[in-house]
Amino acid sequence: MNSPDSSHTARPAGIWRKVFSLDHKVIGRQYLDLSLVAVTTGMILSWLMRLHLAWPTRYIPFLGAISREATGGIITPEYYLSLMTMHGTIMVFFVLTTAPFAGFGNFILPIQIGAEDMAFPRFNMMSFWVTFVAFIVLVAAFFVPEGPPLSGWTAYAPLSAVGKDAGPGQGWGQTLWVISIGIFCIGQLLGSLNFIATTLDLRTKGMTLARMPFSTWAWFITAVIGLIAFSVLLPACVLLLLDRVAGTSFFIPAGLVISDRLQPHAGGSPLLWQHLFWFFGHPEVYIAILPGFGIVSHVLPAVTRKPLLGPRVFIVCMAAIAFLSYTVWGHHMFMSGMNPFSATVFSVPTLIITIPAAITTLLWIGTLYGAKMRFNTAALFCLGFISVFVSGGISGFFLAQPAIDSYLHGTYFVVGHFHFVMGVASMFGIFVGVYFWFPKMFGRMMNETLGKWHFILTFIGVYCIFMPMHWLGLAGNVRRYSAFTVDYMKGSIPLHRFITVAALFTGAAQLIFFYNLFRSRFRGEIAPANPWQATSLEWTTSSPPPHDNFGGHHPVVYHGPNEYGVAGKDGDYIMQNSPEPEPVAAAS
Amino acid sequence: MHKSSFSVLAIVVLVSSAASIRAGRFTASLVAPGTVEGTISYTGTPPKMKPIDMAKEPSCAKQHATPVMTESVVTGPSNTLEYVVVYVSAGDQGGPASQPVRYDQKGCEYIPHVAVMGVNQPLEIYNNDQTSHNIHPMARVNSEWNKSQPPGSPAIKTTYDKPEFIPVKCNVHPWMHGYFAVLSTSRYSVSDGNGKFSLKGLPPGKYTLTAWQEKFGTQTQDVTVSSGGTAKVNFTFKATPY
Amino acid sequence: MGKVFAIVVTIITIVSTAIFVSHHWWMPPDVSLLGAGIDHQLSETMVTSGILFVVAQLVLAFFVWRFADNNDQRKIKIFPGGATPMVVGAIILVGAEILALTLVGSKIWASIYVASADPNSLKIDVQAEQFAYYFRYAGPDGKFGALHPELIDESSGNFFGLDPANDTAARDDIVAATLAVPVNTPILLELHAKDVSHAFYAPELRLQQDFVPGLVIPIHFTATRLIKSEIVCTQLCGLGHYNMRAYLEVMSADDFKKWLNEQSGQ
Amino acid sequence: MTSLSVESPASPAQTGVWVGIAAITMSFAAYSSALIVRQGANPDWVHFTLPPILFVNTLVVVASSATLYLARARSGAKVDQSASGGALDAPHLTWLYVTILLGFLFLAGQIMAWRNLAGQGLTLASSPSSSFFYLLTAMHGLHLLGGLAGLLYVVYRVRRSSAERAASAYKAASLYWHFMTVLWLYLFAMLATRI
């Protein structure tokens, strides 16, 4: 390596500077690439699960070759649970947390506030690579002798804590899972710290808090939630790891007989893990969805050509949701054996949190009234977001009530609910971001025709997948079952087959997206600086922006981000940095 | 003349080749092997075996007209014990066996209840049920594994390389319990429904026999096997009701 | 394209609502004394939030349809009253629903999960383990033997860790793999977990409760009809989770006596 | 970035430390509540007398905060740009070195406390109370190592340029260090009362 030839020594240095880049734009793209890999993995895992649920004894080619658990290509019950665990963990942590928050946030937030970069570029670089390591560690769990972990993304103790006796997947697989999540927490803490400091300190001249774009507000609030949530999950992981490897008994009570062996632990409290986990776990739902709120509210005015209804109300609602998200974790534990009185206590804020959520939804719908819609793909995904968020949010009414949850808890009703409100809604938020910001990130436009096909097929597909799950839940169909051998559930298999077909169909529809993504990256038509006639600062600089974002100068901000439907000098909008005076809204 | 010389030659060749293959075979051809047989019985009151309630797994339950009983202590007529493994723990232990040992899961039972095998003798585990089982041999000396076997999936083939009595269980059907008896000898026998066992084909000589019962532990006795003779050895275990 | 979206949303809304209303996929008939309250609460929630669902989706579709055109010369319109009607509407509508639901709902919840069991109800111990349930009845002497985890031995059918050698109360305890209960009799279940967390889910009883290792959790119910149904596990407990179930048999008082005798006879 | 931080009101380094402090507080709150829940969950809690050296360590860490305060008071950081901090650097650096020394001394003391406990047969796994003792002290120690790294970085910055050039890093590092002291006082109080 140490060849005297300078040209040789220079090149690797350059490569390293690219790989471990300190540029927030590169880091943001790295996050998005990582979550693209993750989402593909997670989706393939879900296909295997769906295939198994529909045709449990069906032989799946090549599967036997790549995994010890699926002997002869037939998915065993433990392998199904591993697929489920990995699907959940990968999707929640490495897609829904990284893409909308760390990914787009990193790329867009500094530009939207007129900064050259994040406050701590080194922390920023570290936060990505730490997250990357976490992902590698998690995937490594697939290939350990005792098999990949299978105690779900919630990793309830004692199953997750007692080790090998509790069955396959409870050896190294589960240990790697805990380590991976612990590392991930560190990455997210570094990221959140960066987002908060950047938003507070690096805003350019005139960029008052009131003038920050909604997406920046969302990322800022998400960072605050994340900071608190992950600094609680990290200790929880440390405790769980110690229980697994150091023989402590934080979560493991006395007198457990597992596989005919009396366990050496004593005195631990399984509910302690559930409390710590859900104190993180519920806010995590909003970490996944709030950036979507922000992105949709940022894009909606640009595609309706009118200001967002009640901008301040919207921000207050997000703040309220962030605050309330820390008072409701117990609603995941109505049936957990905690004091039944507290169930009532937790159910009230859980229902109250639907008020700010309902208000934001009404604000979006109200914004559509009297609009002049531009139906580009980003706009369509905004509308799709609103629709699925309503569907998922309303099924929350059922689960928020202990009395009804006592029937629906642990059934497919729950699966349908959180996939709509957390999974699909957030994914739609991500799609909005991709179709809207792709020109800014890569300097090329995406293909709109393909985009529209992608939307409509995906939109129909997700309803075909997740709406029926509510019906299954009403019929008492229990989730996390690798097969339906219980008499009263056998009748549900045809509906499960329908869902499987819908899932494969929707998955196939994503190929359109991948094709569009890669084709446009190199073949798309060259993008102008502001293809959508939008007002925020990222559209005042070139596409893609120069290394320092604004080419040596710092923009000065005169307006809020919401100046649409007005008589501006270059159309029905006013850029945030244009010095022209505040006009009277042209709306009637 | 010519013919007889040929036959002599043939005998020489045969004998010498046999001898070259294995001295033991050579001597065996001159000395007849002996047999050890006997009965396993108990004194005292053995625990009452309980009927197994397979309600949880209808596909298995319907295969048994009368309820299956637990098999940790199975008694036969006149205080005899079944499923006791008798094996040569000292003396000529015979060569390694290579034919696979078959272990079946049928009607949510392990057949046989105790599967005896030599070290490194192939073991094949089959699932003949419509439900999926998980096989969990809880080895301590050998390496432990735990794997489920859905209906229709291929047999699990494995071996054990150290002698050990390994309890086997199925977590999906907690009543399913059996044993792998991994022995360093290929000379063993399992007592039948009448508590009878017999070890055949033992070269004459002194032996130590060990009898093992999963609840009552082991007992040993010395025995001398004469050429072509049959030695009698009986084991008696002390049984307690609980 | 906007009109396409509007149509798709409308179709999705109508079809989904129709299927919910048809009750084709619905709860099994309720056989417990207090289950009716839950059913009523669920139907009420279904109606109210169903209305919210339909209205929200259809208004979304209508606005998109109505304001799809962006080439005409009309000016954009702000929603009459701005954000205020939204805020007020949401607070009143959702707030009212919340109040209505919690007031009634919390009573039902309390009656089942907070209220303690009838003092003279039949007590049954439940042991959950990977991957089965076992049920223990006190037997003729009416006394339960003490539990000793270290004595658990499944190969000889000692699933609870009883000590018949020294504990006379334990000798006549009846252990079964089926939960048999007499009809119209208050039943008190005490939930023990042997290894990891499990759950007790009996849809027909509208009853669900986790087993937590280290805790003994009481739940109670009264079955009002003779049925044979299933109890399944809803808390991920390992590879056999999907196959962890037991049968619930609600019998007449006489049949129950007979059943108990059969069990203790063995 | 520097150009920006000049025109921005607060310095990001300081905001960063405050945010970090919030996060660390949160995680130790989690540990504390875990301790309280675990103690209440079961009667197997074993009380034992804390190793006496912990009192010494407490004095050491408090002293380190004091010396750090003296160091900053004497540094050019507080002096306006006109008076060159060069002359003042020498004495304040010695105070800074003392602080760092005390920091390492504290860590050494904590390790001695561990060995003391191990001598009594109290290990990480032996009882819930000892588990929490090792856990909390180890976690605090790790965070304190970060603080030492920060102070060493300040030394490096000061020696390379001067105190007032390193002002913001200096301020941030010492803020974090004082927080470490406060955190230890809290932990010590909790351990003393609950273990």
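Labels A, B, C and D are assigned to the chains in the order they are written; within every chain, residues are numbered from 1.
In this text, a contact is a pair of C-beta atoms (placed from the backbone, for glycine too) under 8 Å apart; a residue touches a chain by one contact, two chains touch by 3 or more.
Just so you know, these numbers come straight off a predicted model, no measurement behind them.
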item: Of A-B and A-D, pair with higher C-beta contact tally; value: A-D
item: Of all other chains, the one whose Cα centre sits farthest from chain D; value: B
item: Whole-Å separation of chain centres (CA-atom averages), chain C against chain D; value: 50
item: Approximate Å spacing (C-alpha centroids) for the pair chain A, chain D; value: 35
item: Length of the line joining the C-alpha centres of chain A and chain B, rounded to whole Å; value: 57
item: Where chain B and chain D are represented by their mean Cα positions, the distance between them in whole Å; value: 66
item: Touching two or more other chains - residue numbers and ranges from chain C; value: 129-130, 153-154, 214, 238-240, 243, 245
item: Per-residue overlap in chain A, given as positions that touch at least 2 other chains; value: 76-78, 167-168, 253-254, 259-260, 268-269, 483, 485
item: Shared-contact residues (touching 2 or more other chains) in chain B; value: 131-132, 134, 148, 167, 169, 171
item: Touch relationships between chains, expressed as pairs; value: A-B, A-C, A-D, B-C
item: Chain A to chain C touching residues, read off their complex; value: 76-78, 81, 150-152, 156-159, 162, 166-170, 252-260, 262, 268-271, 304-307, 309-310, 313, 335-337, 340-341, 343-344, 347-348, 351-352, 354-355, 358-359, 361-363, 365-375, 380, 383-384, 386-387, 390-391, 394-395, 397-398, 401-404, 406-407, 409-411, 452, 456, 459-460, 463, 467, 470-472, 474-476, 478-488, 495, 564-565, 572, 585-588
item: For the chain A and chain B complex, residues of the former touching the latter; value: 56-57, 71-72, 74-78, 164, 167-168, 259-261, 483, 485
item: In the complex with chain C, residue positions of chain B that touch it; value: 47, 49-57, 70-73, 131-132, 134, 148, 167, 169, 171-175, 177, 214-215, 241-242
item: Touching residues on chain C, where the partner in the complex is chain A; value: 1-2, 4-5, 8-9, 12, 16, 19-20, 24-28, 37-38, 41-42, 45-46, 48-49, 52-53, 56-57, 59-60, 63-64, 67-70, 72, 74-79, 82-83, 85-87, 89-91, 93-95, 97-98, 101-102, 105-106, 108-110, 112-114, 129-130, 149-150, 152-154, 161, 194-197, 199, 201, 203, 206-215, 217, 229-230, 232-243, 245
item: Touching residues (chain side chain D, partner chain A) in the complex; value: 1, 4-5, 7-12, 15-16, 19-20, 22-24, 26-27, 29-31, 34, 37-38, 41-42, 44-45, 124-125, 128, 131, 135, 139
